[in-house]
Amino acid sequence: MSTTFLAAVCVVGIIGLILGCLIAFTAKKFDVEADPKVEKVRELLPGANCGGCGFAGCADLADAIVNRGISPSRCTVISAAALKNLSAFLGVEAEEKEKMTAVVFCGGSLSRAARKAQYNGIMDCRSANVAGGGGKACAYGCIGYGCCARACPFGAIEMRDGLAVVHPEVCRGCGKCVTVCPRNLIRLVPASVKIHVYCSSADKPAARRKVCSAACISCGKCIRADGQGRVEKQENGTVRINCENPPDISLAETAGCPTGALQTEETHRAIQPISPKETQK
Amino acid sequence: MSESPIPEKTPQPDIMLPDPKKLILSASPHIQCADTVPGIMRTVLICLIPPAAASIYFFGFHAVRILLLTTLFCMAFEWICCKLAGKTSTLGDYSAALTGVLLAMNLPPGVPWWICLIGAFIAIVVAKAIYGGLGQNPFNPAAVARVALLVGFAGPMTAWVTPCQGFFPDAEKAPAAIQVHETERKPDFTTGATPLSLAKMAKTPEEIQALQTPDLLKQCFFGRTQGSLGETSALAVLIGGIALILLKIISWHIPAAMLGTTLIFTWIVSKADPSLTPGPLFHLCSGGMMLAAFFMATDMVTSPTTRRGKLIFGSSIGIIACVIRIWGGYPEGVSFAILIMNALVPLIDRICYKRPFGWHPSSAAAYTMRRGEVK
Amino acid sequence: MSLPPHVARFTGGIHPMDGKGLSNGITARTAPLLEKYLVPLHQNIGAPPKLTVTKGELVKKGQRIAEPGGFVSVPLHAPTSGTVGNLTEVPGVAGNTLQAVEIISDGKDEWGSGLDPIVPWQEADRKVLKQRVADGGIIGMGGAAFPAHVKLSPPPEKTIDTLIVNGAECEPYLTADHRLMLERTEAVLEGAAIAARILDVDRIFIGIEENKPDAIAAMKKAADAYGIQIVPLPVRYPQGAEKQLIFAVTGRAVATGGLPMDVGCVVQNAGTCAAIRDAVVEGHPLIERYTSVTGTPVVHPGTWIFRIGTPVKEALKLAGGVREQPAKLILGGPMMGFAQSSMDVTVTKNTSGILLLTGRETGRYLSSPCIRCGRCVSVCPMRLLPGPISVMVECENYALAEHNFVMDCMECGACTFVCPAKRPLVQHFRRAKAEINAIRRARKKH
């Protein structure tokens, strides 16, 4: 009895010893030299792996910062304090970087945009785009199936009344939503600009009005009210705020935009469904 | 092709044109066949009527009780899981009811109610819902439940009830091979051994021979042997299974491969060593072989998609089941075999990869066969 | 004459209810002249044509109004005589917007194409004939919209020995090619002979599905004079798909990612052949086509000869409108056509049908989970794995989808037709193809 017991202990012990040696050997043999500096930089980066910097992830960027001299400000989502920390660790000057935020240039929520048909298919903007472009009639506006909201690594985009709206305090400006939107509605703009014309339609102004009650009809009221060239008409007829020299947010009230396309970021974010009665008006 | 003048302006006011806003916008194709998932599940349920009816005929109240209990418990667990996951209830696709009936078919008639509850829990919650529900489960829920119960609750799971109804006029005479221990007082039910466990216990060629009498084989085929609800009558399962094939719900590949390999394998083994196991007819008609071949192994979610894959899958189950029956520790190995092969389905699907139309080695160059070429 | 062809069966395929009885017995009628046509500029695959007329200009019927925008492009012609109107926009078939030019009819409908008949074409130079096909503005009229002259210009390193005319018309409901082959039998055959002369081949086959026995009989009667063989094909969707048709008629399989010319074949639609004949023998460019207006809600289903640029609304009025509100308006067939959300779309050179389906006939897509029944796998004529690929696309794993040959999918819809879970498989594949093409383009740029 005791011999069996001993034998079992020995066998298990020996197997353990052999395996242990094997592990030790492989660990030595296939050890990857990890640069402690790269490790530290990676720890200081946000670690969201959003890919906004153009690298494969935070580890890739950390390697590039240490070994290829890429500026730490290449990270688009890093907070100012963290950037300062990182720069101090690297011994480089912390670059002043303007915080960017994503803006969805469309105000055509479900109750504002006209419907052209009943869409039946995959509830995803990019998939809907290959099957007639969803249910809303506007060919330039937000499809409303939340491709960007799903792509956002920070959860900064919310779908409200069938429209994607950005919460700028959560948005870190990585630009992932910009690449996924099939209608190219999302742009990164300086976060300090708080007023925009939320429409991207390249249709004729009359046609825009027909498909959306919140469309910019290129009436030029805001341009005249501003009078200083801080609101510009673009080539395709849409109106945009000049982000280098933005007007004050009070313009949203003083301009008297007939459709409400010119609005502050706050009102766009808080968009509410309007009752059908109002839509008919 | 012809010169046609401008028609006179006679606008017909009564012409009705479609309202574009009511049109449906979707990707092609715009017509679909009539089959639906609930429809398929319902058809399988209907095809389970013959075995279910046979079990009720042979086991009476016990069968009704178990069928009702498992079905109800399964549907209840499905509903709870949907509620917990925040999904709309999937009771309407009949898959939970089907799992329940299949589970009942896999339980001995004498099991207490809590075995049904545990079985339903394992089948629906453990084997299906936590993987993501219908279509996502890697293992057949009913088989998982049966195996878990068999391993965990060996006592209640071998409470075989002697069929109370006779199929033959002289059914009062139980075959000598089947040992029925009746208690002295009038019992609720009598228990006995299944033909398969007798085969397991048999040591001599004579005992094996006793299991192959035409009488017993007839009973195995038509019913009236001890076993789970769906095991007692091979004929009833066969009727339902053939209906499934004729209704094009399942293809013939898996049942044919499974029963075919069982036939050949057991024939060879029984010929080589008659004291080891009875012949192929015994193996085909006894135990859950038929039920597994037509209803369990053919579960679409957990079986391969290609024809070749189905043949490999079916024949492997046949061989593994026979190996367990003949040399393994359990008298019945079909459920184990199904689970083992379920685990190998992704591999089988990969091996039986169909080459696309027009594929040949030189055309591979036109394509990047490596993964990761496109980000 | 070469050996008679054997009909090879492709694997997979489906048998949908064909619905052709609604319109296949009705002689095609010529649509009356409209006051205004809206001719979309970009009807072809390849570069868009460039408009050469200005507003207010007088044009004759068949006069060139747009120049080809490159080699893979075709000119456009005025559908009738009249005045050029505004340059406007019309909805495109695939939900896009297309630039379109208005042609306001003057009611005279005078020809003035500037193209002289080339007779006898048997003696004409091949280059002249090919140029005429290009000048005729002819594109694949079965639906693909690929310029015909490009197909007839194989690169010199490819030897072409077979011309196959596609008269299969395997799409349910559509009867345009059927009526065309019955009523313009000689034109189809002569056009095929002209195309064969351009390609310098003497093996010409016309593949027709057996559900059109009258067309087969009519074709067989007249075909001997042109040395053309008629191949009756088994009725199975998608028998008229290019690769499946070549396989059926010649037994040759086009390699994955390959083109028909790799196996020495050129496929032209029956309607395209008739258009080639009109351009060469009559000097008439492609300005009208056979189009079915059909479906159970349509009051008078049938086949019409519409001018290119006829709005669908007008076409529907001709067919007497609808009895009930349809659930879908489709340009093309029910399997591969495009659902429309507007009646302002126009008949273009590749509109083979205007189809209306009721809610009972058409299906609703659910994004329910795949139950791995494997029906899609068994019906896929390209022998792909539609169900598993759709899951890969759902997970946005385009690399794996490409690895599983999603780019070989021709979107025939057989898998989606049989899917009991009603998954929108084709939509997944279409998205995957668009994404993979975008990635490939981006990679090429770098």
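Letters A, B and C mark the chains as written, and numbering starts fresh at 1 in each.
The criterion applied here is as follows: a residue touches a chain if its C-beta (ideal position, glycine included) is under 8 Å from a C-beta of that chain, and two chains touch if they have at least 3 such contacts.
These figures come from a predicted structure and were not determined experimentally.
In terms of C-beta pairs in contact, B-C outnumbers the other of B-C and A-B.
Centrality by Cα centroid goes to chain C.
In this assembly, the C-alpha centroid of subunit A lies 41 Å from the C-alpha centroid of subunit C. Between subunit A and subunit B, the centres computed from C-alpha atoms are 48 Å apart. Subunit C has residues 95, 338-342, 364-365, 424, 427, 430 in contact with two or more other chains. Subunit A has residues 116-117, 120-121, 130-132 in contact with two or more other chains. Looking at subunit B, residues 20, 22-27 sit in touch with two or more other chains.
Chain contact summary for the complex, subunit C toward subunit B: residues 10-11, 14, 16-17, 30-35, 95, 105, 107, 109, 172, 243-244, 247, 253-258, 288, 297, 305, 313, 316-317, 320-323, 325-330, 332, 334-343, 355-357, 361-365, 368-374, 377-378, 381-385, 387-388, 398-400, 402-403, 405, 407-408, 411, 413, 416-422, 424, 426-427, 430, 436, 439-440.
Here subunit A touches subunit C in the complex through residues 116-117, 120-124, 126-127, 129-133, 137, 139, going by the rule given at the top. By the touch rule above, subunit A contacts subunit B in their complex via residues 115-121, 130-132, 134-135. Partner subunit A is touched in their complex by these residues of subunit C: 94-97, 338-342, 364-365, 367, 424, 427-428, 430-431, 434-435.
For subunit B in complex with subunit C, the touching residues are 1-7, 12, 15-20, 22-33, 35-37, 39-40, 93, 132-136, 300-307, 349, 353-360, 362-363, 366-375.
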